[in-house]
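Below: a set of structures, written as C-alpha cells.
Paired with subunit B in one complex and with subunit C in the other, subunit A is shared by the two complexes that follow.
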Partner chain A sequence: MLAFIVRRVIAAFGILLAGTFIAYVLVALSGDPLQRLREDNSPGREERIASMTERLDLDTPVPLRYVKWLGGASQCVLPFLGKCDLGQSVRGQDVSSLLGNAMTSTLQLITVATITAAIIGVMVGIITALRQYSRLDYTATLASFLFVSLPLFWFAVLLKQYIAIDLNDWLADPAVSLPTAAIVGVVSGLVWASIIGGDRRRVWTSFAGAFVVSAGGLLVLAETGWFRSPGLGPIVVAVVGLAAAVGLTALLAGFRYRNVLYAALATAVAGIVANLALDSVLFNPSWGVLFLLLLLAVGIAVGIGYAIGGMQRRQAITTSVWVTIVMGTTIVADRMLTAWDNYFEFVDGRVIATFGSETPNYDGGTWGNLLDTVTHLALPTVALILVSVATYSRYTRASMLEVMNQDYVRTARSKGLTDRTVVVRHALRNGLIPITTLMAFDLAGLIGGAVITETVFGWQGMGFMFVDALRNVDPNPAMAFFLVTGIVAVLFNMLADIAYAYLDPRIRLG
Partner chain B sequence: MSTPVDPRPVASAEAEGMAIVARTQAQLVRRRFFRHRLAMASLVVFMAVLLLSFSATGIGPIPGWWKHDYTTVATVVDGGRPTLSVVPTFLGGDGVHLGEHPFGQDNKGIDYFALTMRGTQISVMIAFIVGTLGSFIGVLIGAAAGFFRGWTETILMRFTDIIIIMPLLAICAVIANQAGNAGPFWLAVVISLFTWTGLARIVRGEFLSLREKEFVEAARAAGTPAWRIIRKHILPNTLGVILVSATLSLAGAVILETSLSFLGFGVKPPDTSLGRLISDYQSAFVTRPWLFIWPGVFIVTIALTVNFIGDGLRDAFDPRQNKVRS
Partner chain C sequence: MTTKRRGAALFAVLTAGALALTACGSDDGGTEEEPGANRTEEPADDEGTQPGTITVAVDSEYTAYNDLTAAGNGTWNEYVHNGTKGSFWSYGEDGSVVRNEEFGTYEKTSDDPLTVEYTYADDAVWSDGEPIDCDDFLLEWAAMSGKMVDGEGANIFDPSSTNGYALVEKPECAHGDKTITVVYTEPYIDWELIFEGGEVPAHIVAQENGLTSEELVTAIAEDDIATLQPAAEFWNTFWQFNPGELPPPEMIPSSGPYIHDSWVAGQSLTVKANPEWWGTPPKTETIVLRLLDSDQQVAALQNGEVDLINPSNPTPDVAAQLDQLAEGGPYTVESGGNLTWSHIDLQQGEGRVFEPLEVRQAFAKCVPRQLIVDNLVKPANPDAVVQDLREFFPVDEDYEDARAQAFPEDMYGELDIEGAQQLLQQAGVETPVKVTLMHADDPVRNELAALVKSECDKAGFEVTDFTPPDWGERLTGQPGSYDATMFGWAGSGNIASGQSLYVSTGDQNPYGYANEEVDKLWDEVVTSADREAARVKLAEIEALLWEDVFNIPLYTNANIYAYSSEIEGVVVNAAQTGATFNMDEWSRTSG
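Our next item is the complex of A and B:
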C-alpha cells in the first residue's frame, strides 16, 4: 500500500508539472498583453510598454519564464519555503493576494455544491434502483437527461430572472392560495407514493398522507405568518430530533433489537437538553466554539451508543452519530432563522440574492452572516448542481442495480434477511464504492461550471477572476486559476485512487 | 373413446408467429435501435431541426427559403415582438400563423428567426466537427495505447492524464480566444484537441481486453501487420462503444461551444452561434425575453435529442439488452 501511495504521489507531481507547463504556454500564446498599449498613441507610451514588459517579464522566452514562475509558485504550494509569489497582474496587483480572496468564495461554492449534489444524487440513485422501471424511475431518468442537456449559463440567467425575483416578491407578501397548496400536495403525494411503493392500498395511503401533510402544512404555515418570519423553536427541534431517532433506527438497524432505538432516543434527548442548556452560548458563538460543540456532540453520541448499544454496539454508535448530525443541522438552521427579521429589513425584502457572495456592509453576527451566505449560495448552487445530480443519480443507480443482481445479495435474501438489511448492510456498501471515483471526476466539471456560474451571478471568485484575466489578456491570474484547479484535480484523483484501492480489495496495486 | 386427432401436422413455430430468422449483428442492432421509441422520436426531431436551420437561411452560396436575411437591418415593428402564434382562433388565440417575424426582431430590426437559424447552423456544425474529430483522436490514441502497451501506453496515457486535469471549459477558453478569430471551423478543430480524453481511456480499456483474445492471436500468428489487426480485427468489435461515445460527445460539444461563446471566447462576430446570441442579448432580457429564450430552446432541443439518440444506440449495442424499453 505504501509503495502504491508513494508511486501515485510522484506520478501526480509529474502530471501537475506537465499540466501547468502546457497551460502556461497556451496562456502565454493566447494573446499579447502589450497589444492595447501599442495601439495607444498618447504620450508616455514607450515607458508604459517598458514597465509592462518588465512587470510581466515579457522579454524572457516562455519556457524560461515558466521556470521562473514555477520557482515563485512552488513557494505557495510547499510550506516553509518563503513568500508565495504568483507574479503580478497587468494592473500591477499581486496575484497571490488576489487569489486568496477569490479562492475562499469559489471553494465555498464548490464544497456546498459537491456535498448537496452527492447527497441528492446518491439518494435519488438508490431509490430509483430499488424501484426500477417505476414511474418515479422513468421521471428521474428523463429529468437527468434534461439536466445534462440544459446549458448552465442559460438556466442560471433564467433562475436569476424568474425564480429569484418571483420568490422575493412572494416573500414580501407570503400568501398561499388553495389551488397552489393542492398542486404542491398532489406532487408531494405522487413522489412519496412512488418512493414507498407496495400494494394499491399502501400507495393510496401514502399518497393521502403526503397530500394532507404537505398541502395542510403549507396552508397552516401561511396562515400563521410563518413565511413572514420563519423560525423553528425548541419544540420543532425536539420533534425533529425524536423523529430522526426513530426514523434512522428503522432505516439503519430495525426495531428487532431495542438497544439501538434506546441509544438513538437517548442521543436525541441529550441533544434537546443541550440545545436548551446552551441557549446563551448559542446566542452568538464564534465558529471555533461551534466546531468544538459539534465535536463534543459527536463524542457524546459515540459514548451513548457504546454504553447502551450492548450487542449492537456498532449499529448503535452509527445511528447515534447520524441522529447528532441531523439534530445539529436542525439546531443551526433554527438559530440561523433567528436572524431572519433583521436580515429581511437590511436587504429590503430581497432575501434571495442574485449578485455577489455577500451583502456589502452587513454584519449580523455569526447567524446573520451565515444566513447571508446561505441566501447568496442558494441560486448558484441550484444552477451548478444540476449536471452533477444527474451524473451521481445515474451512476449510483447503475452501480446499485449491478450489485443487487449479484449472487451474494441473492444469498442474503434467501437466508431470510429483511429487505432493509439486504440493501443497507449488504448492497449499499459495495454499490457506493464507485462513487469515490466519480467524486474526483465530477469536481473538474464543477470547477468548469463555477466559471460560468460566477460570471452570471457576479461572484468575485476564481472563475470570475479567470474570465476577467482572459478578456484583459492578463496571463498571471489566469495561470493562478490553472494552478489551483490543477492541484485540486490531481489531489482528488489521487485520493480517489487510494480510497478505491482501500475500499475494493479486488483492485491490484500495481 | 379417444379424442379426434387433428389431421393437420403440428403447428410449426412459424405458424405461431415464432419464426426464428437468422439476423446479422448489424441487423439486430439496427432493429433494436429502430424499436427504441424515444430514440427514434429524437432522431426525427433532430433531423427536423437540422433541416429547418439549413434550409431556412441556406448554405454558403445556396439561398434559403426564408424571406429575411440574418444580416439585413430593418425597422423594428411593434417593439420587435414575435409574431408566431400557435393558439387557434376557436381557443381564443390569434390563429396559427408565422407572421412577418415569428421569433421577433432584435434591437436593430434583424429578423430573429433568421438569426437563430444561422446560429443553429454554426453551433451544429461546430458540434459535428468536435464530435467526429475529437472521437477520431480519442480512438487513435486509445487504440495505440491499448494495442502496443509498454512505453507507448505509458506515454500516451500520462499525456491523457495531463490533459484531463485541466478544466475543459477553461483550457478551451484559453485557446478558443485566439482560434475564434480564424472562424468557426478552426475553433471547432482547436476545441476537439481537448475533448478526446474520455474516449481514449474507454477505447484503451476495450483494446486491452480484446488484444488477448484468440482471434487476434490467430491474426498475429498469420503474420498480419499491427495496423491491419487494429483496423480489421479489433476496431469493428469496439464500434458500438465508439459510436455511442461519439454521439454523446456531440451533445457535450453543443453545450461546450455555446458556453464558450456565451463567455465571449468562442465564435466571434460577424459569425454568430446560439451561445453568442444568448450572450449578446442577455442584457435585453427584461424588456425582450424572446431574444434570450429562443436560442436556449434550440440548444436544449439539440442537446436533449442527441443525448436520447446516444442512449438509444447504447441500448441497441448492448448485447445483454433484450428488452427494448420505452
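Our next item is the complex of A and C:
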C-alpha cells in the first residue's frame, strides 16, 4: 500500500508539473491583460500600462515566467518552504488571498449539496432498483435523464423566476386555492402510490391517503397562516422523533427483537425532553455550543443503545445515532424558523435570494444567520443536486440490480432471511462500492468549482474566480484555479483507488 | 405534567454537561432580547438624512482606498469613493466639470503663468476630526508630480498618472493652511481636472511613519527623500486591500458625505452617512454596494435584493427584459449615452491600402453607420444616434453646434454605395480593394464587422475579418498586420488626452496620419486655459479630421439604469464614475 502511495505521489508531481505548464502557456497566450488599458484614453495610460507590465512581469518570456511562478506556487503546495506566493491579479490583489476566499465559499456551497445529493440519490437508486420496471422506476428514470440533460444556466433562470421571485411574491400573500391544493394532492398521491406499490386496492388506498394528507394539509396550513410565519414547535419535533425511531428501526433492524426499538424510542424521548429542557440554551447558542451539544447527544445515543441494546447492541447503537441525527436536524430547523418573522421583515419579504451568500448587514443571531445562509444556499444547492442526484441514482440502481441478481443474494434469500435483511445487510454494502468511486471524482470536480452555478448565482467561489479571470484576461487567478483543481483531481483519484481496495477485498494495490 | 417534569429532571442529570455549557454559552443569561431586534437605525443627527438602506449592484469588487496609485486606479474603487471622498470638482452627468463648492473653491488667478488658488471650506474635516487642509494637497502633489525621485532617478511614489501634476511647481504650504496656490510651468487645458484635494489623508501617512504632519510637510518642501521614502512606500501599498479586509475606520477616514462601514469579501460593501460631514447631508443613511455580475442583475432587481442596477455593456436581451419589467411593475428604466465610443481606424501611411484619400472617403461612405446603430445599439438604448464626431459626444451640450460645423452631412450622412464605387474609380485603384479589418472576437464586434463587410463588399472592397487574441497589442505593436481596426475608446471629460490620438507623433496614432494644421491646433488646445475657446478649436479639428477621413466614428455604448420606482434622485451618468456618482442624493419615497 505504502509503495503504491509513494509511486502515485511521484507520478502526481510529474502530472502537475506538465499540467500547470501547459495551462500556464495557454492562459498566457489567451489574451492581453493590458487590453482594457489599451482602450483607455484617460491621462496616465502609459504609467498604468508600465506599472501593470511590471506587476504581472509581462516583459519576461512565458516559459521563464512560468518558472518564476512555479517558484512562488511551490511554496503554497509544499509546507514550511516559505511564503506562499501566487502572484497578483490585474487589480493588484494577492491571489493567495483571493484563492482562500474562493475556496471557503465553494466548500460552503458543495458540502451541503454533496451530502444531500448523495443521500437522496442513493435512496432513489435503491428504491427504483427494488421496484424495477414499476411506474416509479420509469418516472425516476425519465426524471433523471431530464435533469442530466437540462442546460444548467437555463434551469437556473427558471429557479430564480419560480422558486425565488414568484415564491417571494406568493409569500407576501400566501393563499392556496382549491385547484392548486387538488393538483398538489394528485401529484403527491401518484408519487406515494408508486413508491408503496402493491395490488390495485393498495395503490388506490395509498393514492387517496397521500391526496388527502397533502391537499388537506396545504389548505389547513394556508388557512392557519402557517406560511406567513412558519414554524414547527415541540409537538412536531416530538412526532418526527418518534416516527424516526419507529421508521429507522424498521429499516435498519426490524421488529423481531424489541431491544432496538426500545433503544430508538428511548433516544427519541430523550431528545424530546432535551429540546424542552434546553430551551434557554437553544435560544441563541453559539456554534461551538451547538457542536458540543451534538457531540453530547450522539454520546448519549450511543450510551442508550449500549445500555438497552442487549444482544442487538450494534444495531441499537446505529439506530439510536441515526434517530439523534434526524431529531437534531429537526430541532435545528425548528429553532431556525423562530427567526423567520424577524428575517422576513428585514429583507422586506424577499426571503429566497437569487444571488450572493448573505444579506448585507443582517445579524439575526445564530438562528437568523443560519436562516439567511439557508435562503441564499437554496437555489444554487437545488441546481447542483438535481444533476448529481440523477447520476447517483442511476449508478446506484444499476449496481444494486447487479448485486441483487448474484448468487449469494439468492442464497441469503433461500435460507429464509427477510427482504430487509437481504437488502440492508447483504446487498447494500457491495452495491455501494462503485458509488464511492463516483463520489470521489464528483467531489474533485465540485471543489474545482461549479462554474455555471457559481456564475449564475453570484457565488464567489472557485468557478467564478476562474471565469472572471478568463474574462478579464487575468493570468494569475486562472492559474491558481488550475493549481487547486489539478491537485484535487490527482489526490481524489488516488483516494478513490485506495478506498476501492479497502472496500473490495478482491483488489490489491501494489 | 408531573411525569414530564420528572422526565425532564432525569434528563437534566444525563445532560449535566450540556447544562454546564449553558453558562459559558449564552453571553449574559438574563437579557433574552430577540436576536437582530435592535437592527433599526437610530435617527440620524443631521436633519435631512433619512434612516434606511438603498442597495446598488456593482460588477467589480472594491480593492483600494488610495485610488491615486497605478493599481488602485479603477472604476470599481470610484463606485465607493463617489460617496466617501470629497473633491474640489467632479464629473457631471454628461462628463462636464462640476465644481464642488461645499468641499472647497478654486479660482484661476492668472493666465500667464497659469495660476490657480484652491481654498478648502473652513469646516472641512476628515471623519476623524482632523481638518482637511493644504497638508493633504501638498502630499497629493508630491505623490503625483513624479518629482520625488530617489538617487537613481526613480519616482518613490507609484502614481496612476503624472499628467498635469508634472507641470505644477511645488506649491507652498504651511501646515494647516486652508488656502494653497499652484502655478503651472506652462498653460494646461485640463487644469480643472488635476487636483482633487480630499483623496489621501496626510496626517495618517505622517502618523504611521512616526512623523508629525508638520514634519511631513517640511520633508516635502525640502525634498527630504530619505524621510519621505517610508511614507511613499506606505502611500503606495498600505491602502491596497485584499477582499473584505477593511482596516480600522481611523486608518481610512472619509472626506465625503459617507464613511466606509463594512465590507464582506465577494458580497457587499456598506457605507454610512458621515457624522462629520459639513455639507448638505446625504439623503439616505446607508448605501450598500452589492457585488453581482451584470448578467444576473435583472433578476436581483426583480427580486428586490437590489434597488438600482446599471449593467455594463447591456445586450439587447437585457434591455428587453428590463422593458418588460418596467411595463409590469414598479420599476423605472432609463437609458442614455456614455463616453465609450466605437470607431473604425484606417492605416493610411505610405503604401497602405487607405493611403489615397478617395479610398478612405469611399470606405466612410459604405460603412452602414445608421444600420449598425439600428441593429446593435438601439435595442439597448432606443435614443441612440450615430456618433458623427470624435471628441464631442451626443450627450454634450455643444455636440449639435460642433456637428453642424464639422460633419459633412451630404458626404457621409447616408449610406452611399454608388458614391463609394465612383470614388474608388476616381482613385484608380484596382478593385476589389482588400481590407483586413482587425477587431476583438466578441459577438457585437463580429456582427458589426459582418454588416460592414456586406455593404462595403458591394462598393468594391473585400473586407476580411481578423480577430487575433492579441489585437490590442497589435494596434501599435504591429501596425502592418491590419488595414483597418475597430474598437472602443473609453473617453473621459478630459480634453488633453485626445491629443495623442490624432497628432502626427501621437503615441496612439500608429496609422501614419499626419496633418500639420491638426498638430498645431492641438497644441493650441492643450496649452490654452479656457475650456470654451478650446472647444471651438476642437470643432475645427473635427472638421479637418473629416476632411482627411482620419477615422470613422460609429456610436457610443448604451448605458441603462433600472431601479425600483421607490427610489428618487437617480440620474443617468455618462462619465466613467458609475451610477453611484450622486449616491448622496438618493432617497426612498415610501416604505
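By definition in this document, the second predicted complex is superposed on the first by the 470 of 510 C-alpha atoms of A that agree within 3 Å, B and C clash if a C-alpha of one lies under 4 Å from a C-alpha of the other, contacts with A are read in each partner's own complex, and residues count from 1 in each chain.
We take it that a contact is a pair of C-beta atoms (placed from the backbone, for glycine too) under 8 Å apart; a residue touches a chain by one contact, two chains touch by 3 or more.
Treat the numbers as computed from the prediction; the structure is a model and nothing was measured.
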Touching partner for A:Val484 - first (subunit B), second (subunit C), both, neither: neither
Partner chain in contact with A:Leu99 - subunit B first, subunit C second, else both or neither: neither
Touching partner for A:Thr455 - first (subunit B), second (subunit C), both, neither: both
If touched residues of subunit A are counted for subunit B and for subunit C, the larger one: C
Partner chain in contact with A:Ile447 - subunit B first, subunit C second, else both or neither: first
Subunit B versus subunit C as contact partner of A:Val389, first or second or both or neither: neither
First (subunit B), second (subunit C), both or neither touched by A:Phe466: first
Which superposed partner A:Gly31 touches (first subunit B, second subunit C, both, neither): both
Touching partner for A:Leu248 - first (subunit B), second (subunit C), both, neither: neither
Those residues of subunit A which subunit B touches in one complex and subunit C touches in the other: 29-31, 157, 161, 455
Subunit C contact footprint on subunit A (complex, rising order): 29-32, 34-35, 38-48, 50-52, 55, 91-94, 97-98, 101-102, 105, 157, 160-161, 164-165, 168, 269-270, 273-274, 276-278, 280-281, 283-286, 288-289, 292-293, 296, 300, 339, 342-343, 346-350, 352-358, 360-368, 455-458, 460
Partner subunit A, residues of subunit B touching it in the complex: 158, 161-171, 173-175, 177-178, 251, 255, 258-259, 262-265, 275, 278-279, 282, 285-286, 289, 292, 296, 299-300, 303-304, 307-308, 311, 325-326
Contacting residues of subunit C [partner subunit A, same complex]: 4, 7-8, 10-12, 14-15, 17-19, 21-22, 24-26, 32, 34-37, 39, 53, 55, 60, 63-64, 70-74, 76, 158-164, 190, 240-245, 262, 264-268, 270, 286, 288, 290-293, 296, 299-300, 302-305, 440, 469-473, 475, 487-492, 494, 496-498, 501, 507-508, 576, 591
Of all residues in subunit A, those that touch subunit B in their complex: 11, 14-16, 18-19, 22-23, 26-27, 29-31, 133, 138, 145-146, 148-154, 157-158, 161, 444, 447-449, 451-452, 455, 466-467, 470-471, 478, 481-482, 485-486, 489-490, 493
